[in-house]
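Both complexes below contain chain A, partnered by chain B and then by chain C.
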Partner chain A sequence: MDFLGAFTPDNLIFLLKGFYVTLKVAFISIIFSFIIGGALGTIRFTKIPIVSNIAAVLVETIRNLPLLLIILFTYFALPEIGINLGITVSAIVALTIFESAMLAEIVRGGLISIEKGQMEAARSSGLSYIQALRLVILPQALRRMVPNLVSQFISLLKDTSLAVVIALPELLHHAKIIQAQELSYVIPIFLLIALMYFVVNFALSLIAKRLELKSA
Partner chain B sequence: MFKMKKVLLLAIVTLMSVMVLAACNSGGEKSSSEEEGKNVLETIKKRDKIIVGVKFDTKLFGLKNPTSGEVEGFDIDVAKQLAKEILGDENKIEFVEVTSKTRIPLLNKGDIDAIVATMTITEDREKEVDFTDVYFEAGQSLLVKKGSPIKSIDDLTKETTVIAVKGSTSTDNIREKAPDAPVLEFENYAEAFTALKSGKGDTLTTDNSILLGMASEDDSFELVGGTFTDEPYGIAVKSGEKEFLDALNKALEAQNSSGEFDKIYDKWFE
Partner chain C sequence: MISFGHVNKYYGDFHVLKDIDLTIKTGEVVVIIGPSGSGKSTLLRCINRLETITDGSLTVKDVHLNDKKTDINKVRRKIGMVFQHFNLYPHKTVLENIMLAPINALGISKEEAKKTAEFYLDKVGIPDKATSFPSQLSGGQQQRVAIARGLAMKPEIMLFDEPTSALDPEMVGEVLDVMKALAEEGMTMVVVTHEMGFAKEVGDRIVFIDQGKILEEAAPVEFFENPKEERAQVFLSRILNH
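On to the complex of A and B.
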């Protein structure tokens, strides 16, 4: 174990560059999957014939596949049918597809948890179904979802490391390159990147706790 | 029951429409890539740059330097010489990172022109890609402290302990080739090398490409006896690209006869 040799400024900067890619890919995927997952979850909740069924089939299919399979599929299989996305976009697309399905279920769960009386009261006060959903049900449901949403975002951030299989230059990938320089760097670098993941994810869960307390 | 049927039907319809879409797409793509020009060598000359897939995480062959951001290694220097022979300038080259998993798909997709990435020539791979002549003789070898009585695999007896890494094919190979010698297994290369340094065994065996890396970390150790398994590295190109393959073989030949190849070899492995 050679901590001094492993933690040179150059190596640390190199790791931070990898972490930047991790955070960037995670952030973009979170935005997209929140939009798509939110839409899918709401559609499934509304029970519109056919449309809700399609959403259900999509969500259930994707939720039951391993993320690694989806990453390999977007990178290796899509080019075969003429869709060549490149490494970063493949990773973002795969993460978005998978996390959308996970978030859809969280959103649906949140919506279901709101008492039926809320919808009935909103409707009888003259709001349309869409209005009632948007103005009465969703705001309440969203608050209840926060802890689950954040824990899913944390999973997503950690899941970006799976893209190491398609050589996405993220944190784990850069760690592997530094470890390859000297055998004695392996343990120090693993400890350091574990700390980096932990700090960011722990901060996220602290923020989630704060939000929970506020909304309670 | 009725609902289940509906869901199933929907699933089938979705799947079928995806497949139809996919079929349309692939038809369109093929014709457009055929129009782009069939000959990789011509494409490279027109582009005035060769795109090579190399490893970024393999010591001595292709390793990214965190300080300079450049990739360095034996494979890199060999590839630069190819660019020099084919395009007249060793800097007319672009390196793309490949891993053992991604290199053949990237080559067949056309993202890279050639693979120079510690790739062993095997019969299975020859069905998918074409290989140039051998440019590096890889194989299992022995690492010993300088001055050790062990000079080759024939010197391994009951008295000489061999250090190996658990679960690797090199353990099986050494048990087969030197059945008398006791084998001491460790979890990983770092532990195995530490064990050799501290005298827990007389020699450490694995692929020579890894042993060369260890010898470069501590020059009181050396490789002996050449290789006793055969894993020749070749440069891979898309199958059917005969002109490009010939050009690469000619470039390798030229490196060899000019002595440039030996210089590169000595730079990394001596």
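On to the complex of A and C.
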């Protein structure tokens, strides 16, 4: 097997381009899903009638669907009703929908984990419910959520590879193109992209550990 | 200042407060005692509507707490509360803990809030802990910060729910001293406690509650020397021989 032969400059650049798309799509989806998931999780936590129930139904529905289905739906089904998002946006939308639901549960769990006395102390000092949430409960909950959030971000980064089914030009897609040229490239290219995913995700989890130690 | 009129409260089917009639005057220190589970905390927490009453009337400064139109946040700004487990905000420094409500609920400036916070921290005897986090303080110090946090709102009423029950014995005194000083300055106080020495010395009136009912209400000397109710006698003998 011609191991090093697979790593031509062209191939390496092509893989890096794919990895760039992976990181870009993941990053954008993380930002959006953090905002949407944070809002959904908080709304569900508040138990405000109707609004909170709607959030719960949304979250539970999405959480129980396979991500692959959501990606395929966004790309193949939405155009049927006139919504044509294109490959990249479809991938971002699908990932954002799915991850928002996952993050909503993490955020809600973090909020629930804060002792009841914190809310009572804040409210009894005359702060409104929203103020108590914003100034007292959320900051503490976010600190507690860091490890779970980061591991969800890592999942998201890995899940980006599922968008290979709609030919998103991300790392796995580019790897498959290279592998199709030459059978002997299959193993070395797989090993290389495995290393790329690993390095980034492992770095993220190290950062998470750091943050965890700091906030403890 | 505070007036309960035929107040009942249920948790589901459980009748936790039974026909409570109680009036607390400005500047009075009322000590609520009674066995565990008798409804002391619930009674206290009704005063700032951490718990809502089921029926009857409850007014604070002539404002009806169970009136839907009442702006409860406004009422609460006049009532400080100190909890058994301090409930300080762990992510904020001591000074930030004290400044949070004055800035956000009263809308006063940061500089002003800081001055007030430092004043009350000095008053409870730990001016040097301003930049510490709660986790770096002893239980007694944390509870004194909690009292300073309540006072920084310049309340007219202070509620205490077993403020020394979670403390190591050697720290009980420092917290009771702060409360005693507060009482001497004329603060209206409602205190749930098992510290009978404090009740006797500082209390203007003792309210004995059992199974959600006020069984006896008397001046401390009268209550401790000559409790009328049998259940109060049993309670006292148990707690004093402890």
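Quick note on the criterion: the second predicted complex is superposed on the first by the 216 of 216 C-alpha atoms of A that agree within 3 Å, B and C clash if a C-alpha of one lies under 4 Å from a C-alpha of the other, contacts with A are read in each partner's own complex, and residues count from 1 in each chain.
What we mean here is this: a residue touches a chain if its C-beta (ideal position, glycine included) is under 8 Å from a C-beta of that chain, and two chains touch if they have at least 3 such contacts.
On a predicted model such as this, the values are computed, not experimentally measured, just so you know.
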Using the touch criterion from the header, give the chain among chain B and chain C with more contacted residues in chain A. B
After the superposition on A, what does A:L127 contact: first (chain B), second (chain C), both or neither? second
Touching partner for A:K176 - first (chain B), second (chain C), both, neither: first
Answer with first, second, both or neither: which of chain B and chain C does A:S113 touch in the superposed model? neither
Return first, second, both or neither, reflecting whether A:P139 touches chain B, chain C, both chains, or no partner chain. second
Chain B/chain C common contact set on chain A: none
Listed in rising order, the residues of chain A that touch chain B in the complex are 10-11, 13-14, 50, 53-54, 56-58, 61, 75-76, 79-84, 165-167, 169, 174, 176-178, 180-184, 186
Chain A partner, complex, touching residues on chain C are 48, 50, 73-74, 76-77, 79-81, 83, 85, 87-91, 100-101, 104-106, 146, 149-150, 153
If you look only at chain A, which of its residues touch chain C in the complex? 115, 117-118, 120-128, 131, 135-136, 139-140, 143
Given the complex, residues on chain B that touch chain A span 6-7, 10-11, 14, 22, 25-26, 28-29, 56-59, 63-64, 66-67, 97-99, 101-102, 105, 109, 111, 188-190, 193, 214, 217
